[in-house]
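Dropping the structure in here first, questions after.
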Amino acid sequence: MSHPYQALIVERHKHPLHAGKPAHFDAQGQGENPICGDAVHVYVSRKGMDVYYETEGCAIMNASADLMADAVAGKTPEQVEQLHHDFEKLVTTGEENPDLGELNALAGLAAYSSRIRCATLPWSALAEALHHV
Amino acid sequence: MSATLETFDVAAIRDDFPILKQQVHGKKLVFLDSAASAQKPRAVIDAMCHVMEAQYANVHRGLHYMSEKTSDAFEAVRDKVAGFINAASREEIIFTRNATESINLVAYTWGRTALKPGDAVAVSEMEHHANLVPWQMLRDAHGTELRIVKITDSGEIDFDSLEQVFADGKVKLLAITQMSNVLGTYTPVERLAKFAHEHGAKILIDGCQAIVHRAIDVQAIDADFFAFSGHKLYGPTGIGVLYAKREILEEMPPFMGGGEMIASVSYEKTTFAKPPFRFEAGTPAIIETIGLGAAIDYVNAIGFEAIAAHERALTEHALATLGTLEGVNILGQAQDRGGVISFTMRGAHAHDIATLLDRQGIAVRAGHHCAEPLMGRLGVTSTARASFALYTTTEEIDALAHGMQRIRQIFA
Amino acid sequence: MSATLETFDVAAIRDDFPILKQQVHGKKLVFLDSAASAQKPRAVIDAMCHVMEAQYANVHRGLHYMSEKTSDAFEAVRDKVAGFINAASREEIIFTRNATESINLVAYTWGRTALKPGDAVAVSEMEHHANLVPWQMLRDAHGTELRIVKITDSGEIDFDSLEQVFADGKVKLLAITQMSNVLGTYTPVERLAKFAHEHGAKILIDGCQAIVHRAIDVQAIDADFFAFSGHKLYGPTGIGVLYAKREILEEMPPFMGGGEMIASVSYEKTTFAKPPFRFEAGTPAIIETIGLGAAIDYVNAIGFEAIAAHERALTEHALATLGTLEGVNILGQAQDRGGVISFTMRGAHAHDIATLLDRQGIAVRAGHHCAEPLMGRLGVTSTARASFALYTTTEEIDALAHGMQRIRQIFA
Amino acid sequence: MSHPYQALIVERHKHPLHAGKPAHFDAQGQGENPICGDAVHVYVSRKGMDVYYETEGCAIMNASADLMADAVAGKTPEQVEQLHHDFEKLVTTGEENPDLGELNALAGLAAYSSRIRCATLPWSALAEALHHV
């Protein structure tokens, strides 16, 4: 089982590419885990599936949000849904999936069932946002 | 554990139970008190030791290896229990201390919200105190009524009485045993569930005794609530189960408050977790739950078809052997009955029987078996009771019959 | 188990705990999560196996050898627990599943009879949910008030706040921890008991954490209620204790209904047994109670003087080592504190700390530790927590400090 | 540990010497064990500490009541109290006591803690009766 804190995870946590609230967006969604106080707010611009976010929480959630924004860029809502589904499978089974590219860095989480929610929270928030689009 | 239906090898099964090699008063132990609590196979003992020796930490939200692994093992038992009684989902399985707590949980939570003062709860004349006293306490605290469904002289549910009890439409819950711990009677739970539902009532089944001897399918029964204890099912003490249908659980308020059962806590407002966690406050019986999982695996590996066939043969042998003994009276003669046999002997009190059998190494129970009102119905103050398990042998029943003959000689 | 005050031999003690030889992710297990649940010594494992292998039957009124012997062993633990916390009599010891049930039992029975709507229950700002949620549920069901006694910035009881909370004479119960499971603070329970009694209130002490580290004397404290769990005291899961003064127990109505807790049962009128049995419905956690007895023997053989001295040294070492780490903040600085240390690290979330330490074989807990309101008071959403037991070594604390440094490097 | 059903116990159970309700008595007392339905009713004539009883229960209780009536005959209330005390000790410890004579036949009960009450119930009933004298 790979280490849950791959260099990429730490890198994206420290130097995120998509953090912050954008001036313009079409929809937003949020996720919260009262158990640990993790919270994420996702902002989407429909055109190009442009995603930004604000988080309060752990490195896993931050990195997951940032990698998610990368992964969904330019995709259709249906494709996002498929990615979301594949991603949930990745972090619960630990089996890497070539279609998921850099998201595979989070496969090591499967050994930490209580941390899986950290990684999926941004995805649920995005799903909520897309429902409102 | 080498038994299948074709080759039910009771000697091999007995080898799985270390305690059966013990002697009592210099005699071979003949343990005929499994209905009170069953002995534990090596597999259960080993599973519990393994947790404590190699893989233990508190469960849920541990974030470290030992806690993750222990949580996984613990939660896997929830799936196992759900499969064992064929629940529709794992969320319908709540871990309690024992069947008694399972029933009290229903009385305290569902009973005090879904039932209104003036509604009635019906129980049968052959309930264990665990399925009677909680409803009396609910009556006294909450103003519900308690009604009693009679049994026939043969020890079966009296359906005329059932009709009467339900006639005015006030009964909202039928709380009933699936197998009497005194008479061995099985009740027709599918029929009773259908009856209750047709009359606008829910059904709670006390499956404490039945689950040891028969495959249970809560969906086929259409049970609303089903309760049992681990310790009668060859598992450890300290662990029991409450099954309830998901839509009922969703509506039920919590029972006890504390860790694990909350979603979030502030002084003003606490929100509760979803079922099953809403009903499991505090550190659960981790080691015991894992032990219960091992017990279920053990029973499943043998299979209920084989177990039931073995026990049916034992019961028939016992009824034939004890039933012909001079002065011995067997209570109950239900069509559908299992390996629990209560009896009395003319001139000998049940306590004397139990103590005198014990001197011969034979363990039976004597007393009211936590079913005092049933004793009144049967016109006795106490009975002796022999009960069988998958490790019981025909020779042990013969030993009991022989022991009874000796007692008869003493008191003749 | 060769330790005395003079020769506290932690290596010998570690040999008593099989699990401590385990590896995690290829690293030596460093278990610093004992405040959540402690590991089990061989003596406890053996005692439980012995019951299941050689001496098991359901307890009370068995009338046969296995039941008599098991009942004797079970009831002997009641005496042992009474001695362990210096209760005036064995009848003051009630067996529950865990501390959570102990506290809920008080809230459901004493709380709903001795307390009247409008009466208030006071808890502190550093309670575990187990000693908060039951009183919220009582408030919502029964109309009592819930008041909060503040803590100071150092994490100790604020006596000015205590005075205010009690000023109008409405508080009838002070429910308070003896040791915070987050800050490690010991509360001055003798003083608090005196204060409560002078103000016409009873005191319930959540002794879950304290009992692991200090000798408890409920009579010297003058506690009205005292609750703890077996699993934190090196005993099994599934067994807890409620102590209450005899005259209080005599007046308390039962909690759950069923077998064991009755004197006699008829449909119209059931009379309940005397304490402690009145509060112990159904088949108790027999195997686990006997395991708890072995845990108490184990702890007693080492002695609290030796344990406390060892743990004091560990705690001082930890405070000194972790406290000087760049970016690490230790929460709470009570005068009287024990081996439970919560901390945060700048730039690293507690969950990240826990998972990254786990990769190094080090088990700490992270989260709100079932004390959400306290997190708010401390201005954090979660902390990492290392907690020590009698088997913890200085080297393990050094490993933790080293691990924290590596995490710091990762996130720097 | 001796057998709890000594010949004497069975004998007294089958052929009691003091069973039945007397025509005259000064006081009465009773004992009940709801757990098993055991019940005993004791009748005392002050003069000569003459005791009779009626029981519903097991052989142990019957024999114990009968042997008690033998043992207390002619004794003072204080002596009865002492005997009661010694008898309780006998059945709980199993240690025979020469002062107790035939009562020692019940020593074997000590191994059956749940049966001890069967033997002591008549004694409690007698104590109650003597309180009322």
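The chains carry the letters A, B, C and D, assigned in the order they are written, with residues numbered from 1 in each.
Throughout what follows, a residue touches a chain if its C-beta (ideal position, glycine included) is under 8 Å from a C-beta of that chain, and two chains touch if they have at least 3 such contacts.
Chains and their UniProt names: A, D = Nitrogen fixation NifU-like protein; B, C = cysteine desulfurase.
Worth saying up front: this structure is predicted, and the values here are computed from it rather than measured.
With contact taken as defined at the outset, subunit A and subunit B (cysteine desulfurase) are each touched by C. The greatest centre-to-centre distance from subunit C (cysteine desulfurase), using averaged C-alpha positions, is reached by D.
Remark: among chain pairs B-D and C-D, B-D carries the greater number of C-beta contacts. Mean C-alpha positions place subunit A and subunit C (cysteine desulfurase) at a centre distance of 39 Å. Centre-to-centre separation of subunit B (cysteine desulfurase) and subunit C (cysteine desulfurase), using mean CA positions: 31 Å. Averaged C-alpha coordinates give centres for subunit C (cysteine desulfurase) and subunit D that are 47 Å from one another. Shared interface positions of subunit C (cysteine desulfurase), i.e. residues touching 2 or more other chains, are given as 61-63, 67, 264, 351, 355, 358, 366-367, 372.
With touch defined as above, residues shared between interfaces to two or more other chains in subunit D number as follows: 35-36, 112, 115.
Listing the residues of subunit D that touch subunit C (cysteine desulfurase) in their complex gives 34-36, 111-115.
Across the interface of their complex, subunit A is touched by residues 348-352, 355-356, 358-359, 366-368, 372, 375, 381-382, 410-411 of subunit C (cysteine desulfurase). Of all residues in subunit B (cysteine desulfurase), only 60-63, 67-68, 71-72, 263-264 touch subunit A in the complex they form.
Interface of subunit A with subunit C (cysteine desulfurase) (complex): residues 3-5, 10, 13-14, 34-38, 56-60, 112, 115, 118. Contact residues of subunit C (cysteine desulfurase) toward subunit B (cysteine desulfurase) in the complex are 18-19, 22, 24-25, 29, 31, 33, 36-37, 39-40, 44-45, 48-49, 52-58, 61-67, 97-101, 103-104, 107-108, 128-130, 132-134, 136-137, 146, 148, 229, 231, 236-239, 254-262, 264-267, 270, 281-288, 351, 354-355, 357-358, 362-367, 370, 372-373, 376.
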